[in-house]
Each structure stands twice: as C-alpha cells, then as structure tokens.
Amino acid sequence: MIDRDAVRDFYDEYYTALDDGRFEEWPAFFTEDCLYRVIARENYEAGYTLSTMYGESRGMLIDRVMGMTRTQMFAPRYYRRFPGPLRFVARDGDSVHVRQNLLVVQTLIDRKTEIVLSAACHDVLVSEAGQPRLRERIVVFDSEMIPNTFIYPA
Amino acid sequence: MNSINHTWPADGMGRVPYWVYSDPDIYAAEMERIWYGPHWAYCGLEAEIPKVGDFKTTTIGERPVIVTRSGPDEISVVENRCAHRGFKFCQVRKGNAKDLLCPYHQWNYSLRGDLQGAAFRRGVRGQGGMPADFDPKDHGLRKLRVAAVNGVVWATFSDDTPDFREYLGERFWQHYTRVYDGRKLEVLGYNRQHIKGNWKLMQENIKDPYHASLLHVFFVTFGLFRADQKSATEVDQTGRHGILISRRGQQEVNDVTSTMRTFRGDIKLADPRILDAVKEYPDEDAIQIMTLFPSVVLQSNLNSLSTRHIVPTGPGSFDFHWTHWGYADDTPEMRQRRMRQANLFGPAGLVSADDGEAIEMCQQGFAHSTDESAVVMMGGRETESVEHMVTEVAIRGMYRYWRETMGL
Amino acid sequence: MNSINHTWPADGMGRVPYWVYSDPDIYAAEMERIWYGPHWAYCGLEAEIPKVGDFKTTTIGERPVIVTRSGPDEISVVENRCAHRGFKFCQVRKGNAKDLLCPYHQWNYSLRGDLQGAAFRRGVRGQGGMPADFDPKDHGLRKLRVAAVNGVVWATFSDDTPDFREYLGERFWQHYTRVYDGRKLEVLGYNRQHIKGNWKLMQENIKDPYHASLLHVFFVTFGLFRADQKSATEVDQTGRHGILISRRGQQEVNDVTSTMRTFRGDIKLADPRILDAVKEYPDEDAIQIMTLFPSVVLQSNLNSLSTRHIVPTGPGSFDFHWTHWGYADDTPEMRQRRMRQANLFGPAGLVSADDGEAIEMCQQGFAHSTDESAVVMMGGRETESVEHMVTEVAIRGMYRYWRETMGL
Amino acid sequence: MIDRDAVRDFYDEYYTALDDGRFEEWPAFFTEDCLYRVIARENYEAGYTLSTMYGESRGMLIDRVMGMTRTQMFAPRYYRRFPGPLRFVARDGDSVHVRQNLLVVQTLIDRKTEIVLSAACHDVLVSEAGQPRLRERIVVFDSEMIPNTFIYPA
Amino acid sequence: MIDRDAVRDFYDEYYTALDDGRFEEWPAFFTEDCLYRVIARENYEAGYTLSTMYGESRGMLIDRVMGMTRTQMFAPRYYRRFPGPLRFVARDGDSVHVRQNLLVVQTLIDRKTEIVLSAACHDVLVSEAGQPRLRERIVVFDSEMIPNTFIYPA
Amino acid sequence: MNSINHTWPADGMGRVPYWVYSDPDIYAAEMERIWYGPHWAYCGLEAEIPKVGDFKTTTIGERPVIVTRSGPDEISVVENRCAHRGFKFCQVRKGNAKDLLCPYHQWNYSLRGDLQGAAFRRGVRGQGGMPADFDPKDHGLRKLRVAAVNGVVWATFSDDTPDFREYLGERFWQHYTRVYDGRKLEVLGYNRQHIKGNWKLMQENIKDPYHASLLHVFFVTFGLFRADQKSATEVDQTGRHGILISRRGQQEVNDVTSTMRTFRGDIKLADPRILDAVKEYPDEDAIQIMTLFPSVVLQSNLNSLSTRHIVPTGPGSFDFHWTHWGYADDTPEMRQRRMRQANLFGPAGLVSADDGEAIEMCQQGFAHSTDESAVVMMGGRETESVEHMVTEVAIRGMYRYWRETMGL
C-alpha cells in the first residue's frame, strides 16, 4: 500500500531528477515493463495512439535517454517542470492511480522563458521492493503546436 | 515584383543567395506565384473525412480552407472565408455538417461552397434585405480545383495547374503509387511543430540526403541510413520534386564510418524493437522520402508512414503538420510497429528533431548576411537524378525551377 | 500617401476591399488623417478626475496622453511625452499631483502642460545650464484641444475640428444628451481586451445591427434584440457616426424566429435577475448603441451603461477599454442591476464575447486575400438612416466618409 | 469543521471538473446562495464592484454555463488551471477562509500556449451535508488586459 | 525541530507577503545574519558568485526594500509567485534544507502577463524563537535574459 | 539609403529627431555603416577564453560570431555561420574544442576559421563529392580583424578601421588604460537584459551625466553622484566616444540638493557595507564610465567594474550583456566588495534599473511622434569636453559623428 507521502516524495524525486538533467536516473522511476506516452490531446481524445514520445519498456526509456544525450542535435536549453496538485483517482490492488497537471517551461540562450508543455498526467504507480514505481504514465498535452522540438521527457 | 531588386550569384547552379529566405517581397511573390499559382497543394487524407458531411480545416500557403466530403465520391475544397464579410467561419479542426454556416449573419453554404441562404435576404416584414441584383450565384465561397488521388487530397487555386499525374511526371507517379497504391488508409495521429525558418529550408532538408548520413547520429549508428548504402536521389523533369531512396545497411564499421565523426560504434539498444522493421513493398528500399513541391513531404521510412505538411507563416517561419498513417488492413502488430517507429520522427523524433533544430540554426546563421550565399555544389552543378546520396542535386533542381517561376 | 496604390472595387457603396484592414501604409495614413486629424477622440469621464490635480493616462490613436483636472472647472489634455527627450513620464493609470514631473531630468510642467522648471536650467555653480535662447514657452508639452461635454472628456490634435456639438450634428447631439444629460456620472469599473483585428472592424460590428439578431443567441433567445422588434439604424450627415436603436421584445416563437437557426426556444434562465431591466429614459427604447467616429462606442443597453474606447495598436490589432458607469444618484438597487447586467458585456460577456471573437475571425479570414472585398449591401447601397435593423447602412456611411478623408 | 484534507480534495475536484470541461458540474461546488466574482485587480483595489464574470446565486452560475455552452460563439480552446499553495486565512464558525494563487493558461488551435489569467482567489467555504461548498469566491486577476475573451470560469 | 507543516506555513506567509507587496515585512523572514542571492543559472553553475540581487545580512535586505520603494524609478507592475512542491533535502542539527521551484509572472499596465523568472530555490531554514527563519536563500534562475528589469524580490 | 527621406531639424546641434530611433531603413543603414563599418566592436574578455581551444560566442550588430583562443598568444574572431549553407553551428555560450565542426554536413574549420575538411568532399566510393574547382581556401568562415588590448577583445568587419589606439585617440587611450592597465582580469559573472528601446538610447543614457544626478535617487542621496561634485564630461575628437568622470561627494544638504526634488535627506542604510568603496587607482576619481562607440560601456564605478555590451535586435530593442569582472590578484575582501556593490547595477540594480526603465519609457513616449525631436542643448550646442556634468555635450558629439557616418 503506497501512501500519500510516499507518492508525494516519489514525484519530488522524479521532477527534481529531470529538472537537474539527471536523465540517466529517469528510467529507474518506471517498472521494467511499463508504458510511457507523451501524447497530444487531439490524438488522445480522438482515440489515436500516436504519441510524440513513447516507450513500452524501461529499455525503451533507457534508449530514449541514450538517443537524447548521445545522438540528437539541438540547441542548449533549460526545462523546468511545475506540477499541479496531486490527485488520487483510484486504487486497485497494490496500484495507485494518480492525476496531476504539468506545466513545463523552457529557456533557450538569450531568449525569454516560454511555455513548452501544458498537460495532464495520468499515472499508475505500483510498489516494487518497497519503492513506488510508475507502471504507466500518460502525459496528455494541450500545447499541440510545439515550439519546434520537444527534447527532454516530462 | 518591381520592388524586388536582387541578382542571383554568378555561380548560378552552385549557389543559393540568402535573400531568398528572408525578403518579405520575395515571400509575398512566392505566395502568388507558387502557393496560389499552378501547383497542387496538400490538403489531407481521404481517411480524415470518410462520411458525407465530414470536413476538416487546413491551410494552403497562408489561406485557410475547408476540405469537405461533399458527396459519396466527391471531395470539395473551399476557402474558409465567408463571401459576406470575410469571416473564417469554420474554426474546428474536424467535424461533420449538413452545410457550412457562418455564425456572423448566417450565410449558409452547401458542402460544395454554393451560397444556399442568407438570413434576411428578402428582409424582415418588408424591411431591409438584399438589393434586387443580389444573385447568390455570385456569392459562393471561393472554390479550389480538387484531386483526390489514392487516398490523398490535393487542391489548387489556379486553372493552369496540369492534372495531378502530369504534375508529378511519370517517374514520380510511379514513386507516389508505390505507397499510395489505392489501399484504404487509416490515420494514426498527428504531430505539429512551429519552426522558425523559411519554408524552403524544410524542402531543402529533405531534398538533401547528404546531411542525413552525417547529422543523424542515430540513423548512422544503427545503419538505417548511410552514405555507403545503395541509394538514389531523383529529381523530376521540372526540378521541383525530389525523392531520396535508400536501402537499409548494417551497424558496421568500415572505411566510410571512419570518415563520419558522428558514428558511435559502441551504442547498443536496450530494447531494439524500435528498429524492428519489416519489408512491406515489393522493392528492397527501406526508405523513400519524396518532396512534392511546394507543400508536402511524403515519408515512407522503415514502416513509418507519414505526410508532413508545410504551412508558411511568414518569411522566417512555418508550421509543420505531421499526419502519421497506416493501411486500414494493417495487423495490430504492424500498427504497433508504426507507432513505435514514430519515436524517430516528429518534434521529439530521435532523428527528426535534429532537422527542426538544423533549420532554425540555418535561419539564425544567415539572416543578417543576406548578401552572402549558400554552397550547393555537392555532386556537381547538374540537376539530373543520380544513383547515390552524396549530392545536393535535388536542391539545385528546386532552385532551377524556383527561379523560372519567380522570374529571377 | 503616394506609397498607397489601391483602387476601390467597382461596386463602390456595396463593397469594402480587404486591404483597408491590413495595409501598413493605409494604417499610417489613418493615424495622420483620422486619429490625429479633425476628429474628437474619447479621453474618459470627468468622474475619473473629480478633484483638482487628479489625472488619468490614456491613448489617442497610438499617442499616450494625460488628462488632468487643471482647474476647478478646467480639464487639460497633454501628450505624455516629455518635451526634453520624449520620455513617457506618466506611467500610472490614475493619480493626483500638483504638477507633472519627468523623472529623467526633472523637467516640470503645470497641469496645463506649460514648462515651469527644468533642473539645472541656469547651471550648477556657474557651470552648464541651458543656452540663453532657451525659452520655457517653447518647451511645453503638446497640448490638445479639449471638450468636456456632460461628463465625457474629448480631445483633438487638430485645429480644424469643429466644436463638439457640430461634430455630432443635431440629431446625434440629441441621442448623445439622452444618456449624457448633465447628471453626475459614477465609475463602476473597467474591462480591457486586446483584440487581434483592425480597429475599423469594431466600428463595423457596432454599426451592424443585422448581426446582433443572428449571432447573439443569448440576445435573440431572450427577446432582448430581434429583427422583428421596432428599431432604427441612423447615420449622421457625414456618414461617420451611427446609432442603433431597439425596443425590447418577448421570447416568442414566430415567423421570424423560424428563420433564425440560432434561436433556442427551450432555454430558460435559472435566475432571471440578469435580465430584470427597468425603464430609465423617457422613450421606450431598450437599447441605444452609438458609434462616435473614430474612437468610441457609447452603450446604453438595458440598464448597462458603458463607454468602449478603441486604441489601435497596429493594422491588425487594437486594445478595447470598457468603462462601465452609472449615475451618481443611482439607488443601490440600480447600481446592483447595472453590475448584474454587466455579465452580458466585456471580455466574458454572454453577448459581447461573441463580438470580440467575430472580429478576430474576420481578420483571420481575409488577411491573406486582400484583393477580395466584403459585401455590405444589406438594405441596399444607400447611406441614409432607416427605421429598422436589417441593414448595413451605417457601415456604408462610415466608408463613404473614410474614402473622402483618406482620398481613396 | 472542514479540515485541510477535505479542502484540498475539494479543490482537486473543483479544478479537475473545470479542466475536463465538465462545466455542468461546476455550480454544484457552490452554495445555493453564493457570491462569485472574477474581477480585475484595478477594480478590486479601487473598490469598484464591476466584475468581468459575476454570479450571486447558484442559479446565475447555471445560467453562465448554459450561456457559455449553448449561446456563446468562440474559437475552440483549452484552459488549464495551475493553483498555487492553499493558504488558510481564517475560520469563523463553520466557515473557512482560504486563499490561493491561480494561473490559467490557454491554448488555441495551432497557437502557442499563453497565460490568460494570473490571479489570487479569496474563497469562503462552508460545510453542507458534510460536503465543503463555496459560499464565496473572489478571483482577483492581475492580467487586466485580457487576450480578447475570457470564456470558461476560473 | 521544524516540521513540514511549519515550513509550509512559513512559505505561505513568505509568498503572500511578497505577492501583496508588503515588502517591509520581507526582511523579517530572514535571520539577522543571512545570505540571500538571486543568481543566474549560468553564474551559479560556472561557480561565479556574481548575483543579480544580493544580501548578506537582514540589514541589506532592509536597504533593498528601502531602495526599491523610495529610490528606484520603474513602471508599475504586478508580480505573482507560483512556487512548486516543497522538497526536504536535508536536516543538519536544527536547520532544514529545502528546495523548491519558483515561477514568477509579471503584468505591466495594458500588457499581457509574462514569465519574468523560472528558478530553483535552495533554502536553509532555522528556528528562531519558535519561528522558522531563512538563514540562506539562493534563487537560481534559468531566465537569464531578463525582460529589462527585475524589481521585486523572489 | 535612397529609401531614407528625412531631414535633420533646423537647430542642428541642439536637436535629435525621433525618426533616428525607429525607422527600419535607418536601422538597416546603421548596421552596414556603423556596426559592420570601420568601428571596433566589443567581443569579450581574454579571461573568458584563457586556454588554447577555448571559445565563446557573442554577437556584433546582429551577426553571430565566435571568439576563439586559436593560439597561445592568438585570438581569432570568425562569423558563426557555416560557409556551406549558413548554419549557426556554435550554439553554446562557451566551450573548448580542437576545431570548429558544423553538425549539418560536418564541414570542419580550424580555430582560425579555415576550412580543414568537408565530409565526402571527394565523394563516397567514387560517387558524388565536390566539383574539381572546389577550393577549401575559398570556403572558410568569414574572419574579422581582431585586437586584444589589455584583456579586452575587439573585432571589426571592416578593413578601413584604424588600429585600436588610434580608434580611441590618445586621450581616451589614457582613460582606457587607467583600468585596463595590463593586469590579468577575472570574470565575476554576467547579467543580461532585453530592453525595448533603440540601441542609441543606451549610449545616450551613459553619455548623459546630467540625468544621473537627478534620476538616480540612490546615488544622489548617498552622495555617490551629484552635480555639485568635481567632475568632467569628455568627448573624443570624432565625437563618438565619451567619458564621464566624477569624484565622490558626501550625503550633505546644500544649495544644490535643495534644487533636487529627488534628494532624500532622511534615508540611512541599515548595512552601509554596500557603499564601503576603497580607492584603487592613482587618481581621486570615484567614477569613470566610458562609452566606446558603438558597442559597449566600460564601467568603473566605486569598485564595481564591468563591461556592458550592446546587441541591437531591431530598431526598437537591444540586448544588454553585463560582464562583471575584477583583477585576478584581487584579495577576497576586494572580490567580495565588488560583488556587494554589484547590487547597484544590472537589471535589479538600485541605480541601473532606473536606466533600463528610462530607456523603454523614452521609446514609448516618442515612438508615435517621429516628426518631433529631442532637445539636447544642456550646456550649450558645442561638442567639446567640459569640466562638469551639467551637460549633454557627449550626446551632441555622438550625433555629430553619426550624421557624418550616415550621410544625413
């Protein structure tokens, strides 16, 4: 049974790791067999499965980090994540369904800070070895017209 | 275009002057001569509007249009601008309707764009109303010529545009029908990017296979796209269309990789399913990416199929709309495969993100040196198709055609 | 205006070409000939600056100005631009001061705009200072002509502007004084919107009663505004001003509603107080909305009274400032009633939100088809006042005047 | 007596209902006899009562939803609400005075996400049938120059 | 020992005082001998000590408020602060190390609301006379290109 | 510049017309004639790139450049625009590299900007490649002339620019070398502001000592800068450079303060360490602020040392980059002192914030009255150096030079 404080601490760790750019730690927040989607709201609501960022295993998340850090070419930028209040939607068995808004702002060199993502996150957490982990995270974003690229995970 | 006084650099075919990417007069002329001229522009997929009354909104050049299924076997494209006072009355992306109604004064049009009714046209209880000489026939929406070809909808503002097959030319018609072979298509979803670069840079990016084997470390590293693979770069007769064809190679180290600073021999995938592509066309090609001038890129890359629609929003920016699709009869596995491979493309694409960034970096680089010019002489100065990818031939072809069309 | 080469469409009175809404040269000429020309511009209400020394800042055209209570019975309007080096020195919306001080070098002006002191004008201990020929009389703020008429403050940059009553004409003077009858006014509050459309579209929107009975479902449904009501659309002699007058009707279904696709017969209000209007003027009119060219809309709608100030911010946008007011001697009930009815207006207005959206949708629709034109022939091609609302007469009137003024 | 957790859960429900566009549920978050204002800071501080959105009964909120969903004409858009920390200001009798910042961002089709409202909310909650309900909600917004229209409630 | 609720309440007071413009109260949130920095991320990460706003005693914070309210000339504006979740990083002895993201938006007259600061706050709280106080607050901002001026403290 | 038709006001030296701050044609001409013309532009400090291979990116006018330590005693400045297709390939602020590589097609340049390699230049396995006449020598990065003078790096696009010392003139060379005396410098950190005003307003602001003793209440109040102090305002021979010199005074009330409305006699500091300045140069001057035309302000104010780099981003805005520095051999106390005093400067500076705001308020004030002009006759109409600060002489000097250079 995962309690509120554990979930709160989990997300504190999750967002801090991303804000700090410790991307190599990111996949470990998920279960080995997981589902991760960053998907446009128009797709999500139309029942389309096409995602802007997608992973169906921790391995794919590891590959995303590798691709991002070792193969992609992009202008340097900062992302900062502003999650809204955590809402507990449901519990089934040992899993917790959590929902939360997320605002991601980006800053490029000498440019003003802008909103890159306004989204709702639909997550499912399970407990592994006493630790909460994400079995599923669906980030549904309103901001369908992306300012060029979306590089770092949400 | 008397306001334009630029002269093309001496080395005509080997150079592209930077003023083509930023001059507002050039841009305005492009709208008239290219986007609203004798060219077919991408509007979408038939699969987006399957039922009579279905419609979608999109943009050609800078003009908003509505694409409607106006009959069981008829698609219409009309300007999204009320004939009364110019209202862009259709504001949703998609929908279904019996007719097109402008909310401002309830002028009402058929799905073909004919004015069917105008509220109070005959006045109210004898007062007001339209003058006697008001003929609804003169007040319909602007209609575009339409071609629905194997699942893709095209439209043009011009009467001089040749029919679609002729517009492509035989050779490109073959390429087009390889993928758009008449089977029913199915939409998988959309991606949208706003890119701060001139629209032609997107065309160049895709017409330039040479960058792909150098910039895209992910591609190169996993042997998806490499200069040492069997490939071809074709240009149509006019020079405006291009296609890049490539077979898939291996993740091997050889004489060529040694010349690639970005090759990462040590990288392995933790979950290789992202690259588990299967052959789905008769030929051996892994990649065919076609640029149909001026408005779209048609991608068949591994099993990832998409149309990428270019919508200019000024000399220095454009919107880029991706429609990812599959065949209606795809197996669940195949649908899943296309989805997975989509990780390589779009605004977060492990490959395509590079291109969006590259385009902005080009615009940033040359924007304030418009008297200088780009070098496009890789593979010579010719504009004929070649059997390899170490060339900028398709870019040269496009500017050969562009200069004719623009009279520059 | 030699840089402007446009010709008006053949059907002169029945058409408005779309280039009037987007051409930057047209816009620049409008600033000179219309906004800074022989026209009275809205500045605010006397009630906003009741005490001597009170001031408020506002904008005429694109120029910042300060409106001051420079004497018990005197109001001054000066440009908010320091005569020294152009500093917009007054940055607050409202305040009270003995004089106007620019912080940059402490040039100091009277409430009338006369330069009273310039720091170090005579130097410091014999060093520096202004030259001998520096005469403070030559260095005051630019002063505008002012007219304070029954509680409303007007100003003009031009010496050729006729006096205010003449500017309105007798007929419109009557309309004006119906509401602005000399009673003290009281400010209830403000609403502000930035609208991405040409400023003239706001004038057209209000000059067009015909849309109101079709677009505004809320109005129509509750019988507040319907084409079958007794009404009038008046235009002044010059064509530039307009007023729309309407009596209130019922929520009834009849031959007219049947022609309105947007009529919702089934809707009821859970709390009808929002519509509980009372008669407060001698006549039977429920609505009088006046457009005083070029800068303002004067609304008396049910018991909701407001001025709506137009501040252009470029060819394609303007700021729209609403000042909601009542009479100083209103009962608490009446004040409460005006507040409640304000739900219908402003950026969230159950009625007015439609207009802000409509204006942007028009600009979006025609922005890239500037060779096309709008149709404004509802009710014919004349520009004379009529006893109904099924007409675009007031729009035609405005463009008749606009063309004279712009020499187009 | 309404406790912190109940208030937190109340606002989670409140904002989720609005973000999801379940507007018909919105009036029920208020008491029958309530006061709702969305008011510009300049008006609020000047003591002007004029509000941009106003309701003095649950009925008026029901009418606002009806007007918004059945009569108003506007371009499709998404709103997303990012409330700040909840601050408990006072308790008198069975009512709780709560204050909270609110950032509302909007996304129109093919446009970048922008801030439409930056505000402070001054609320009074009472308990009805064991449920917290808003007896009063005053949303005082700094963002006085509204990007054209303000459609959905805050 | 400062507990979570005390820290939460402390920041509620802190940000409310600033949002309300009660700047004269601001220095009292710090210990007499304190360190306050608002510093660009590029400086912080490069090990440069140069700060955009700096104070090394409560006195300097008092002087900052005096300078801001009585000597500086700037256009009127509203700031509103949107802190992210509070994260407890460490405790040593009687001090608590807290970390929190901070989004500050500003609104100038007749202009649209814009982001003026996107930052991470690294704070150290101690207990003085039963009250938590800031012994150190380092606001590291991503938004290095400031829209002209940064006037009010974060 | 045939597109520019403006005439300078009659009172030549005493006036500056407002069109110089907003006309896009003027701005374009300034880029060519001033920023890319015979002038030295600020690039940074040698201390930012101490080791061979170190580089930093910056901007001259609107053009991105890279400053590299290309040899132990050599600094190079090259345009950050790939010679192939214009890519701004260096995107980080700082770094260290063996060479400069463009990721798009891996053209590779030496730290001096010479093209060293272009991928596939000779094709791949006999296919493609550059034409025979492709000579790498013709395809290097654009190189600028460089001057590294006592720790500061300068560059120019023009061959006609005189050497740096001559560019300053003997008198300003003395001022320059007072602070930049050959000692090693150390970077303390950066501040960056985007200011919505024309770039020349920043030059004027610093060239205008007269405002400082009136606008900056903090300065005035604590006697850091007052009109009654011993001071000087110097202009170089050409008029383009200026310097303001001032001794520190006391917080005393006297005949001068009485004329200053902004003097606050009652204010005390709770922690005066912010003002605890120490003498560090032979002379008695507390403040020397130099404007080196067109690109930078060199500040030595109390013990706060900084360069303030102006980067125009259009007629109505510029970026302002502050580099705060100290001497490498500073004691910890001195370093701490400079840090503390930095509270007075930058975007949150108790003094400098006033200036950023003032510049925007000027642009706002005159932007829509471009036919009007500023008055710059404080201290007369001459352009010679004076022994006081009650003058606008340095502004007059700049415009004297500007008009020569612009041919206006």
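Order of writing sets the labels: A, B, C, D, E and F. Residues in every chain begin at 1.
The rule is short, and it goes like this: a contact is a pair of C-beta atoms (placed from the backbone, for glycine too) under 8 Å apart; a residue touches a chain by one contact, two chains touch by 3 or more.
Not measured: the values here are computed from a predicted model.
Student: If you check the contacts of subunit A and subunit C, which chains show up for both?
Tutor: B, D, E, F
Student: Can you check whether subunit B and subunit C touch via the same residue numbers (shared by over half) or via different ones?
Tutor: Because under half of the interface numbers appear in both copies, subunit C and subunit B meet with different residues.
Student: Work out the mean Cα position per chain and let me know which chain is farthest from subunit F.
Tutor: Chain centre farthest from subunit F's centre: D.
Student: Just the number, please: Cα centre separation of subunit C and subunit E in whole Å.
Tutor: 43
Student: At what distance in angstrom does the C-alpha mean of subunit E lie from that of subunit A?
Tutor: Centre separation, subunit A to subunit E: 28 Å.
Student: Compute the distance, rounded to whole Å, between the mean C-alpha positions of subunit B and subunit E.
Tutor: Taking the mean C-alpha position of each chain, the two centres sit 48 Å apart.
Student: Can you tell me which residues of subunit F touch two or more of the remaining chains?
Tutor: Within subunit F, the residues that touch at least two other chains are 91, 93, 103, 192, 194, 215, 319, 358, 361.
Student: At least two other chains touched by the same residue of subunit A: list those residues.
Tutor: 73, 75, 82, 103, 109-110, 112, 114-115, 144-145, 147
Student: If I apply the definition of touch given earlier, which pairs of chains qualify?
Tutor: A-B, A-D, A-E, A-F, B-C, B-D, B-F, C-D, C-E, C-F, D-E, E-F
Student: In the complex of these two chains, what residues of subunit C are touching subunit E?
Tutor: It is residues 91-93, 103, 192, 194, 319 of subunit C that touch subunit E.
Student: Mind pulling up the subunit A residues that touch subunit B in the complex?
Tutor: Per the touch definition, subunit A meets subunit B at residues 38-40, 42-43, 46, 48-60, 62-64, 66-68, 70-75, 144-151.
Student: Looking at the complex, which residues from subunit F come into contact with subunit C?
Tutor: Residue list for subunit F touching subunit C: 14, 16, 18, 204, 210-211, 214-215, 227-228, 256, 259-262, 358, 361-362, 364-369, 372, 374-381, 386-391.
Student: Going by the contact rule at the top, pick out the subunit B residues touching subunit A in the complex.
Tutor: Per the touch definition, subunit B meets subunit A at residues 93, 187-196, 215-218, 221, 264, 267, 269-271, 273-274, 319, 324, 335, 339-340, 342-343, 346-348, 350, 353-354, 356-358, 360-361.
Student: For the complex, give me every residue of subunit A touching subunit D.
Tutor: 41, 82, 84-85, 87, 99, 101, 103, 114-115, 117-120, 142-145, 147
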